[in-house]
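Next come the structures, one after another.
In what follows, subunit A forms one complex with subunit B and a second complex with subunit C.
Entry: the complex of A and B
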């Protein structure tokens, strides 16, 4: 009895010490997180309640900045554009990524697969600013894409893709697909290597083709990876800044203007820090609202 | 062996994925300015200015002896913040050290768009710059971040220079520009107008610059009929919309420049939505509909437009004298310049002109030396020569200062000659894109792009920009 008690106290002491040591290990990261994420986050929420130019005195305005966002059509329009980008930055790369990854996984495991992976992953490595400039040239009126269209007899549809009201957003989306596809493929391929090959073998013995395998085995078992892909790419779409800034800077008109661009212009060019922060807080809330269901669904599936 | 390879691949890919997740999350935070590609045009526009009449006496008059403070004889390190992409301040700084060896420089530089964002931080920081390229100034002056230069103006005699030179750098207590205390100086004064390709102009029968808007429009129609692009201009949001140049020139042709300047200087009750400006905007809309601009203008950046014009695309282009050197190099002897003609024959031409604005931080350590530098730039013959040769713009300064010589055949001769014409007529304007710090990004650029896309008309353009202007002033 006495022995058991003392063992228990010893055990709980050890647990406590381990917990303490654990916290000690986490502390540096936690500190960084607090200083560089939590504090700015709280400050952003605080600033959004003021009218402030970033230097001079700030005036308390309550929720007026949030009202302004709904009153100015150009500001609320950026959020609509952001949801369009979700289609290009998220749905297409994840969907296409699944197909390409499963093809690579099934037919090209050797050198060919490695080459395909590398080529598709390259956009992640190229600095986005350089990529933006190159895409700008490719999509320009005298650019390569229009030259190819002309060469194959489609001269009638050539246009300055990034300067066209109807096509600028899809053109920016194309750049996004190019950037994010490789990321999805590599993540999904990694997930596929985890799947027990016996499942595929038994499916094949049962006479399942590629498509049947894909629908019955690959997609359900990759639910968690798909969830991660969706989360990362949806955030990339809703909080897009770099891809849009380097390709169109929001033009023409406000056809490709997204919250990230407006926040930047409002805060740094217009020096309406309060309004910029209000838009940033709204964007953050929006991202959380969209991401949480994806997280729940993919977690449940993984379990 | 194979499984080892697979494990290795797994490890590598997991690492890569982790890296990607991290980097993909980064943009979710506030965008980093470092990633931003800088727009060379915004800065151009901000620099757009025209100069004042500087009379050009050929007799050499010794620069007015400075009676103000100097840089002394002790070692001084001037803390300066210049604009990337423009050689002038750097060349002037080198020459200054050559003449005053006790002064050395600690120069930082940044793109204009980044300067807009970092200027408040620099000015209010611990080591405020002695000299800073000012992207905008009203809000900085209001916040007490800029040094009031009035006493230097008196000491050095700047207030006796031809008046319009300093007017754009003056800010009244109510925050309007054009009069009041002096908060900045121009290193030079640029002029905008219409450049033309001489060969192509001859091809459409232009023997002399047009004298009225109607004559100019006649030339545009001829160019179009001849299968040439009448006007090369840029319009991408990355550079800012270049159609603001022809628009403002048309405004000045159809109405007095006073109300336009009032609007830019944020005078009370000023509006851009006037009947005269509506006529101007309607002409621009017609030009767009007639196909006088490149069809892909909304995707053309400033540098692309400049290089395409140099390569022979476009008979005319609206731009400023900062581009002189590049035009002279790219199309030597083939480029000419004229001011936007008035609406009626015999009227006087107008032009956008603005100083290349530099200021001194309110807490600068070497304000005296920086002020002495301003005075030296405007009055020293070598400095003035550098200004014209490297920058292509008028160095301004006292009315009796020597005008530097220019290479024969350079288009700089034509822009320098045009300056006094505008000055004499009193028709110089600041740029409508400079009215507020973001009227260009949030007003003119998107609305003019919409006009190109057929989604905005002349009346709607002026109304939308005026609404944005009022919204920004209310903030």
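Entry: the complex of A and C
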């Protein structure tokens, strides 16, 4: 009896010691994370309940900042714009990426495939700021896009795309397509190489064309990879900042203003810190609300 | 492969068109960069008299050597520290499975979807209070913290799949937890650590928002942040802006071409696991 007790205390002592040492391993990471992520996160929520210019005293306003965001068209408009960007940054690259990847998968093997992989991945490694600057020039009045349009006889529709109230947002979207399409294609192609080639072989022996193969094999079996592409690109769209800041800074007017840009402008040029924080909280909530179902759907049943 | 000839060529054509779509923008800014400074050329036009001197001028006005030093310093400060502390945390959560590991994992994973712009405002005021605003530390410290969700998630995924026999055998031989970590599991984790290092180096080099908000002096910023400042000054001088952009891209492109296989693999794995 006495022996058993002492053994148990010794055991629990060892477990406790191990837990203690283990927590020491986590401590540095946890400390950094707490100070520079968790505390700022809580402070963002706290600030969002005040009216504050960043310098003077802050006034408690409760949820009024959130009400303001819903009432002011320029503020709620940033969230509408963010969803439009999802179409360009996410739906088009993933949809087009799937089609292109499945075509490439059937025909491109060997050298051309390898070179294409590298080339298509290029926009993914350069800073988004550079992508914004490059496309700012391409979409300018004398830029390459208008030059091509004129060459094919569409000179009538040329314009300064990023300065046009109706076209600026799709133009920014085009930059997103350029950055993300290659990434989606390469990721989906990698997924396709994991699919048992016998499946494709037998489909082809049965005389299945590209479309049958696409609908019956590629899309269902790539559910997980499609989910990954959607997650990455949707976050890129909702949290967009670099490309928009450099190419349009939210303009003309508020035509391309997205939450990231508006948070920056409100907090650091208009000194409306409380309002900026309320928008930040909404942005963070929005990302979670949109991403969770995608994750859930793509993991459900896949692998 | 049973693929019709026409389809073969259609597929290759599509692939080449996509490659052209990716490459043409680079060619356009390269040609533009060779036009006389201050002029407005058209998008794709080889200049009659190429101004190679634009690159030298951009090199000087952008203070390239200072930018390279600054970016390299920031990468060298962020990446090793992030690697060490996230590997340690991933080891404790995934392999030691310490009491409270699920809670810790949830706490970190929760940060995976967090947009940087969501928490940048308090970070700004915090750094003003700490007196590190407008120094490189202002970028380094939050960046390490912001990488923790992904880095720990990544390292834990490796450690959680390690067979327990290895650790048990070492324990029998009297190894301490630190020995187990440093002499046995870190050497076994070399591949995921290397990939993580590549990813974080690229992300740091390209980090813009933190540089923009927290550091005013371009020579204390990351490469992307400095490029943003350069654009602010020379937005109207298109050839010079293009020349500067190319110069700032060169280090990235060289590294990408040298390590393309590792970088592509790391980026793909990174998104699949994250």
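The rule is simple: the second predicted complex is superposed on the first by the 263 of 303 C-alpha atoms of A that agree within 3 Å, B and C clash if a C-alpha of one lies under 4 Å from a C-alpha of the other, contacts with A are read in each partner's own complex, and residues count from 1 in each chain.
We adopt the following convention: contacts are C-beta pairs under 8 Å (C-beta built on N, C-alpha and C of every residue); 3 or more make two chains touch, one makes a residue touch a chain.
Given the structure is predicted, the values throughout are model-derived calculations rather than measurements.
Chemist: So, does A:235 touch the first partner subunit B, the second partner subunit C, both, or neither?
Modeler: both
Chemist: Taking the superposition on A as described, I'd like to know which of subunit B and subunit C A:55 touches: first, second, both or neither.
Modeler: Once the two structures are laid over each other on A, A:55 reaches subunit B alone.
Chemist: Just subunit B (first), just subunit C (second), both, or neither: which does A:100 touch?
Modeler: In the superposition, A:100 touches subunit C alone.
Chemist: Touching A:287 in the superposition: subunit B (first), subunit C (second), both, neither?
Modeler: It touches subunit B and subunit C both.
Chemist: Comparing subunit B against subunit C, which has contacts with more of the residues in subunit A?
Modeler: The partner that reaches more residues of subunit A in the superposed model: C.
Chemist: Taking the superposition as given, does A:272 touch the first partner, subunit B, the second, subunit C, both, or neither?
Modeler: first
Chemist: Considering only the touch criterion stated at the top, classify A:215 as touching first (subunit B), second (subunit C), both, or neither.
Modeler: Neither subunit B nor subunit C is touched by A:215.
Chemist: After lining up the shared chain so the two structures overlap, which partner does A:250 touch, if you call subunit B first and subunit C second: first, second, both or neither?
Modeler: first
Chemist: Between subunit B (first) and subunit C (second), which, if any, makes contact with A:161: first, second, both or neither?
Modeler: Only subunit B; A:161 stays clear of subunit C.
Chemist: On subunit A, which stretch or stretches are contacted by subunit B in one complex as well as by subunit C in the other?
Modeler: Touching subunit B in the first complex and subunit C in the second, residues 37, 40, 54, 121, 124, 128-129, 133, 140, 183, 186-187, 190, 228, 232, 235, 239, 241-242, 245-246, 260, 263-264, 267-268, 280, 287 of subunit A appear in both lists.
Chemist: Which residues of subunit C touch subunit A in their complex?
Modeler: It is residues 1-3, 7-8, 10-12, 14-15, 18-19, 21-26, 28-29, 32, 40-44, 84-86, 88-89, 91-93, 96, 98-100, 104, 107-108, 111, 113-126, 141-142, 144-146, 148-149, 152, 177, 181, 202, 205-206, 208-209, 212-213, 223-225, 227-228, 231, 238, 241-242, 245, 248-249, 252-253, 256-257, 260, 263-264, 267-268, 271-272 of subunit C that touch subunit A.
Chemist: So in the complex, the part of subunit B that touches subunit A is made up of which residues?
Modeler: 6, 10, 13-14, 16-17, 20-21, 23-25, 27-31, 33, 35-37, 39, 113, 116-117, 120, 124, 139, 142-143, 145, 235-238, 294-301, 304, 436-438, 441-442, 445-447, 449-450, 452-453, 455-456, 471-472, 475
Chemist: Quick one: in the complex, what on subunit A touches subunit B?
Modeler: Subunit A residues touching subunit B: 37, 40, 51, 53-56, 72, 74, 121, 124, 128-129, 132-133, 136, 139-141, 159-165, 183, 186-187, 189-190, 193, 228, 232-233, 235-236, 239-242, 245-246, 248-254, 257, 260, 263-272, 275, 280, 287.
Chemist: Help me check something: in the complex, which residues belonging to subunit A touch subunit C?
Modeler: Listed in rising order, the residues are 18-19, 21-23, 25-26, 28-30, 32-33, 35-41, 43-44, 47, 54, 100, 103-104, 106-109, 112, 115-130, 133-135, 137-138, 140, 142-148, 178, 181-183, 185-187, 190, 204-205, 210, 225, 228, 231-232, 235, 238-239, 241-242, 245-246, 259-260, 263-264, 267-268, 273, 276-277, 280-281, 283-284, 287-288, 291.
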